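Down below are the structures I want you to see.
Common to both upcoming complexes is chain A, partnered first by chain B, then by chain C.
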Partner chain A sequence: MNNRFFSIFVKVVIMALLILLGLSTLLPYILMISFSFMAEFEMYRLPPKLIPDVLRWENYVEMWQSQPWGRYIFNTLFITVAVLIGQIILIAMGGYALSRLHFPGRDFMFKLFITFMLLPGVVTLIPGFIILHSMNWVDTYWAMIIPALGNIWGMFLMRQYMLSLPSSIEDAARIDGASSWQIFWKVIMPLCKPVVATVGTFTFLAQWRSFFWPLIVTRSKEMRVIEVGVAMFSSQYVTNYPAQMATAALSSIPMILIYIFAQKWIVQGIRLTSGYDK
Partner chain B sequence: MRRVRHSKAFLVIAIILLSSLSIGVTKLRVTTWAGAEEAALDEEIIAEFMRLNPEYEVTYEPVPGDYYQKILTDIGAGTPPDVILLDAEMIPAFVEGNYLTDINPFISRLNRDGASGTNLAEYFPVLVDIFRSGRSLYALPKDTSPIGIFYNKKVFDELGVPYPPQEGWTLEEFAETARCLSKDTDGDGKNDVWGFAFPSWVGVVVPLLWAGGGEVFSPDFTQTSGYLNSDLNVKNYEFFMDLLSKGYAPSPQEASSLGGTSALFYTGKVGMTITGRWFNVSIKGQIAKGADLDVGAAPIPYAAPENKATVTYASGWAVPANAADKSGATMLAAFLSSEYAQKKRCLEGGLAISAIKEIAELQAEQDELDAAFIKMLDFARVPVGSQTKYYRPQFEDTWAEAFDRMNVGGETVRQAMDWAAETIDKYIEEGEN
Partner chain C sequence: MRRYKTLVGLVVLAGLLILSAFAILNIYAKSSFEEFTAESEAALLKSLKLNYQNLTAEIDTKLNILVDNPGSVNEVIQSLSDEIEYVGLFDYSGNLLRDFGYSSPASLSSSLFFENLTFSSGYPKTEMTLIDGRAYIQTGILMLDDTILLVVLDKFDGITDKANSIYERMLNVYFGNEDDFASLNAYPMLDYETLNSLFTKTMNSQKPEAEEISVEDEKATLNAIAVYDSDNWEVIGFFTTITESSEWSEESRSMLIFLWISAFSSSVFAMLFLYLLFRRSQSSIKMKRSVRFLLGFIAYLPAIILFGVFAFSLFGDSLSKVSSAVALKNAKGWFSDASSLLGYESERSLKEFVDRSKRVLSASFIIKKDDNIVVSNLSEKRIANLEIMNSFNQNDMESGKAKVNDVVHTYVKKNIDGFEFTILFEETSRENSILSIQFFSIGAILVLLVMVVVSTFIISNIESQTLINRTLIGYGFLLPALVHLVWWAVGPMGFALFLAFRRWSIVDAAKPFVGFGNFIELFSDLKFWNAMKNTAVYSIYVPIGMFISLLLAIAVNKLGKLSIVLRVLYYLPVVTAGVATTIVWRWIFNRDFGVLNFILGLVGIKSIAWLESPQFALISMMIIGIWSAIGSQLLIFLAGLQGIPKDFYDAAAVDGASKPRIFWKITLPLLKPTSLFVLVTSVIGSFQVFTPIYVLTQGGPLRSTDVVFYHIWQSAWVDMRMGYAAAQSWILFLLLAALTLVEFKLFGKESWQAYF
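Moving on, here comes the complex of A and B:
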């Protein structure tokens, strides 16, 4: 009896702690929503209030009218989808070549790729910019899409996953007369759906939130993305926190939806990269 | 048939004429860190420039974050914008790196032609001095923000404390005001309404030290020992630390846990805050949204009337050394500082104090707070950072650490300032930047 009582007690305590932890994780998001409906001086009230006295919808109107958000959303969506598709194709092919094909220098090439992962981004910033400029790509979609297609981390993940597939599947397909391309496309790729979904989810999230590179390689307002637009509410003189919160709240909706629908793949991605995929 | 031939000939001539027109257009790029509101004003100013100078086509590129990394990437890649906005504190490093054009000769020539914004006599002299180095001039002032005191009139009224005098006040008067404003409202033995927000940021500490009679660098900017850690400065900063220990200001940790200085000021938890005129933009915004605020402004306190001083911060329009059309770029930079631009940005937008005296006078007529800050320009000095490359980031970072040593590490003001002076001098000696 005592033991049962104790185990229920432990479960209740653990549950309470988890709920508390969950709420504390949600608190910044709740604050963001709440502040997006307040004036700045209302955000500073002591003690702080979570529910605004008056819902200031005008913050959203002001935010929407201040910049070409339709264009920013289109740009962000277009670039994200283009990078997502391009990256998946490239890293899948790269992962396949590095895991299943045999050619001289394969392992050296793989090590080279891994070494590139160690390079800090700032080292390649100016050379990358010069290359883009020489191709007349600055302030174009190309500048934001093409350099983002290479994803060594994704290729590494893909390679590791493909290595775990039994070679007998490939041998059987080869005996049936399948070419390397057919094996890749019709046999291996369908088996790689989980890792494709994982890499795809992370790529989507990273691209949707990308700020620095689009900022460096764009010049005109027409080529800006959502995150750069959010930063425009902060100036030398003042930061328009309510408008910034309103934009952040709206721009986080796709990410929340992605998380809800792709939670399984995100967790799997964390497990794959942590080496805990047993 | 003949009509067709004629219309074809007309079309060809029209195309030739149009293409010759487009060949005559010079393209210029201007980069700033403007936010959405300021960018809208800048776009109007640029549209006016292009209307007056149809031979130029200007692309406006506001960069809301990582500004210096972006323009340095552009400069490094050999594709600099033609006009860039620079903080005064960035000028010495940019000049040393040979990144900037000396615009003085271009300004003289353009002034003779009557170009807008090129008459240097129109500007407050202190603002032109910020961007001068010897006989060279590296930028034209966009606008300015002196450092002063904002006070919450309601807090003063509730406690029956007289407002700070506009013409200036002594450290003792400041301390007495801070004492009268500090109150323990919940009876827990600790004040929860304070006289002032404690000045720890280097940008306000330097003018406070000046007003105490001290200096922070030697006149030739080659050392800080004997200046930053002089007896005068140590005594002056001890004075503020003493007010902190008496509970007349919240500790930086307390202030931060309560939402920061702005939050404390808006909620009437502190009566005074020492900051730049830029705070007025936020105040006006809050009042427009319905905040129940009544705010005044006064100069920072001095040790003696002859020490009366403050600093005025500014950013300026500069032309990179590798800009293709330096004369055109200088003309655009000058227009961005011109009377038209100052009216848009300062008078209509209320974003800062105009760099042009005449416009600033109009500003003073329409805003009481601005009037107080404009008066401060009479005794404002140029920022130290505009004179030496060792200010940003070395002096700034070293001071921040020195303050932590006093505030958290338990060091005395003397120990922390000695350490700071020695550290900065080491940077200067090693030529590190």
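Moving on, here comes the complex of A and C:
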């Protein structure tokens, strides 16, 4: 009896800790939203308060008027969508070749890609920038789209997923005289929707919050993306904390919504990574 | 029949590929050569302008005595008498007081100049002028007694003569501004629009500009530079020269002939040899693979060698001929001014002379007497470290190549009246043209090497058409990803290594080779090693985070429905943390009002200056790191846990193993591949942390959060030292690669084979 009580007690404590930890993960987001509605003096209070006295929408208005946020959001969205489309095509084709086509050198190619998956990006940073510079792509959309098209990890997921499809599905199409491209586009791709959704979600979120590369390849305000805008805003309006929080919310909320909407795909993708679903 | 089709396709492809590679190289080399000669012509024009400015400065100096002493007018006129065309002494309102026995020219178009003088500050003003269709040098001064001395000197021919004798160009001077100009001897007749647009261009850019024209149906280039009055605020005319297309054609023609001959001979050779290889492999089926490959390589060898010869020797030589010829001309022009300067003046004005030369010519100058530096625009340290690479004597001059601060220069040296004059021209634009041609050839050679593999493969398997087709289709699908990988990962990696041995900056044209200089500097650079240390300390968060997330994974694994909600919560920061959340962290870490200190205060811990104190700043970064990474590690561990077959646990339970024992003997070993994956990816990730540091601490306080990625970014984009930064990134890469290898070794082979 005592023993059972103890184990229930332990379970409850663990559960409470887990939930507490989950909430503390959320803490920055909660603070972000609540501070973004506060007047400045409300932030300098002890103990800290989470609920603002009145909702100050002025923070958002002020923030929105100080920078061309519409342009930043358009840039971010445009680049994200372009990368998404280009990347999916590129890696789906690559994944298809590496999983369902048989040709000499295939395994070597796969190993080559996997090796470069582990390559730290810092090595290619400076030469990549110089290449862009010599192509006169600095401060253009190209600079943010083209280098981002490769995604070896996504191609790896694609390959693993396509390997798991039965080989009989191609045979029927091949007997009907379909070309390789038709089989890829009409037979395989429709079956790959789950993995496309997974990779697409990751790519979308990664592109939306990409910061370092846009920071170094853009100069003008017209080309800025949202995260660079948030960073510049926070260094320009150092003391206006509520407005900074409003910019943070502006950038984060779309991501959070996409995340909640697509979390199923993300979890699926991770299962694939762990190497057991072969 | 079928196999002949394939063979013909291959042979034609090989021939066309080689031909087109040479054709592109041809176009590329020709345009770079033309660009280079255009630059050289511009340099000649600058030299002419400098000659003119030296001349006016010389006359200014002769008149200088009048600034304090209006009485010495006669002596000054005496000293100028050889070339005097006209002298007049005027009062302030323009009436002639004395004419010293010279009669006024019919049209003394000096009203503007005269007005100019009445506003001047009492110093001599000298400039060129046009009188009765002839060019003169005009000078004047407003003296202390309010009289104005105006002198017209027949001296301009000296400039035109120099153009002919030293630079071998015909100088054409247009007087006036860009809209209204008159020429001395307008040959050839050029239309107003061309001249007007060219003059506007050179006025706006403040440097020589060129325009394509045709002279008697021959293509030619018109070069122009604007000449300003002595106050430098009004254009008084333009110097122009015309370069006929035949000027440098000897150098470029031999280059292009070489390219065309190589293109045809090497493509014919490749085609014939491939055919022979095909015949041979038909007759002796049992040919070894390596032999086949070697023969395939030989087919392309001539093309590869010719590419290499052109890019690494011939092209550079052609440019060298141009650059040394131009350098010699420019140097002669400078020396002639230097010797005339020494004739009327000595050391005092040498500094002005060098300053003026530096302003007009982009070159460096050293003037020595008895091995002591009299004046130079280079620092003494640079001169002391000047490294002469080769030299040869030519008449009374010595010329050759020298390195100043690692940058290759052409130098020309001459002794004049006991002074040693040295002029150094940077070879940067030549070196950069050669570099870009070399990059192109390396690319082309790599393509040809790929063709070697392709050709040998096709010829060896020509019997099995389906294999060839399959291969083509497979690589066709892989091509976009492969091209992207080569262009943005494999190539840049090699390029980074190339950069690491150079001083490279996007704001400086000179990109000299410095050998191991960057690496030597790096090993004694305490700031870099401090950044390495900080990164190593920072990456300790990885095992801590892994430990926490493993415990969490085990706890969450058994929760059922709730576990899905928790997973979603924990994972949120992994995909949404960026600049926006980092800004919030700044507030959480606030010393006086932050949430973290408030919570710690409840437990009785005193306020900590998280971001402001060197002890805690890095720990703050690690907290953010754990917060944003724990979710991903947790989910991967969860997937790993769920991948362990149930049977294992059942069997263990039947054997009566205790829970801790099951954990140590079954769960942990089976999680090895997962742990390896988490460890490798997280460590690589932790070495590349940037956003929180950029947003929150900028590497401070006291460089306590200056991690290596941030340090590299600073070297490359703040200090503009991309070569040095590339060296740092290579060292980081090697360390990370070694670390990853150790991790792989530690976990054993079976842990990572699951992925391949």
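The rule we apply is simple: the second predicted complex is superposed on the first by the 241 of 278 C-alpha atoms of A that agree within 3 Å, B and C clash if a C-alpha of one lies under 4 Å from a C-alpha of the other, contacts with A are read in each partner's own complex, and residues count from 1 in each chain.
We take it that contacts are C-beta pairs under 8 Å (C-beta built on N, C-alpha and C of every residue); 3 or more make two chains touch, one makes a residue touch a chain.
This is a predicted model, so every value here is computed, not measured.
J.: For A:66 in the superposed arrangement: first (chain B), second (chain C), both or neither?
T.: first
J.: Specify the partner with more touching residues on chain A, choosing between chain B and chain C.
T.: C
J.: Given the touch rule stated above, what does A:130 touch, chain B (first), chain C (second), both, or neither?
T.: Both partners.
J.: In the superposed arrangement, does A:220 touch chain B (first), chain C (second), both or neither?
T.: Only chain B; A:220 stays clear of chain C.
J.: Could you look at A:231 and tell me whether it touches chain B, chain C, both or neither (first, second, both, neither)?
T.: In the superposed model, A:231 contacts both chain B and chain C.
J.: First (chain B), second (chain C), both or neither: which does A:168 touch?
T.: Touch partners of A:168: none, neither chain B nor chain C.
J.: Quick check on the superposed pair: does A:35 touch chain B, chain C, both, or neither? Answer first, second, both or neither.
T.: It touches chain C, and chain B stays clear.
J.: If you stack the two complexes on chain A, which partner ends up touching A:212: first (chain B), second (chain C), both, or neither?
T.: both
J.: Now for A:247: first (chain B), second (chain C), both, or neither, which partner does it touch?
T.: Only chain C is touched by A:247; chain B is not.
J.: Have a look at where A:3 lands relative to chain B and chain C in the superposition and call it first, second, both or neither.
T.: Neither: A:3 stays clear of chain B and chain C.
J.: Following superposition on chain A, which residues of chain A contact chain B and also contact chain C?
T.: In chain A, positions 43-46, 48, 125-126, 129-130, 133, 211-212, 215-216, 228, 231, 234 sit in both the chain B and chain C interfaces.
J.: Across the complex, what residues on chain A touch chain B?
T.: Residue list for chain A touching chain B: 39-41, 43-46, 48, 66-67, 125-126, 129-130, 133, 138, 211-212, 215-216, 219-221, 228, 231-240.
J.: Using the touch definition from the top, list the residues of chain C that touch chain A in their complex.
T.: 457, 467, 470-471, 473-478, 480-482, 484-485, 487-493, 495-496, 499, 504, 506, 552, 555-556, 559, 562, 565-573, 575-581, 583-585, 587-588, 592-595, 598, 627, 631-632, 635-636, 639-640, 642-643, 673-674, 677, 680, 684, 687-688, 690-691, 694-695, 709, 712-713, 716-717, 722, 725-726, 729-730, 732-733, 736, 740, 754-756
J.: If we count contacts the way the header does, which residues on chain B are in touch with chain A in the complex?
T.: Checking each residue of chain B against chain A gives 29, 33-40, 59, 61-66, 69-70, 73-74, 76-79, 258-259, 262-263, 266-267, 269, 278, 281-282, 285-286, 289-291, 293, 315, 351-352.
J.: State the interface residues of chain A toward chain C in the complex, per the touch definition above.
T.: 14-15, 18-19, 21-23, 25-29, 31-32, 35, 43-48, 89-91, 93-94, 96-98, 101-104, 106, 109-114, 116, 118-131, 133, 146-147, 149-150, 152, 155, 180, 184, 202, 205-206, 209, 211-212, 215-216, 227-228, 230-231, 234, 241, 244-245, 247-249, 251-252, 255-256, 259-260, 263, 266-267, 270-271, 273-278
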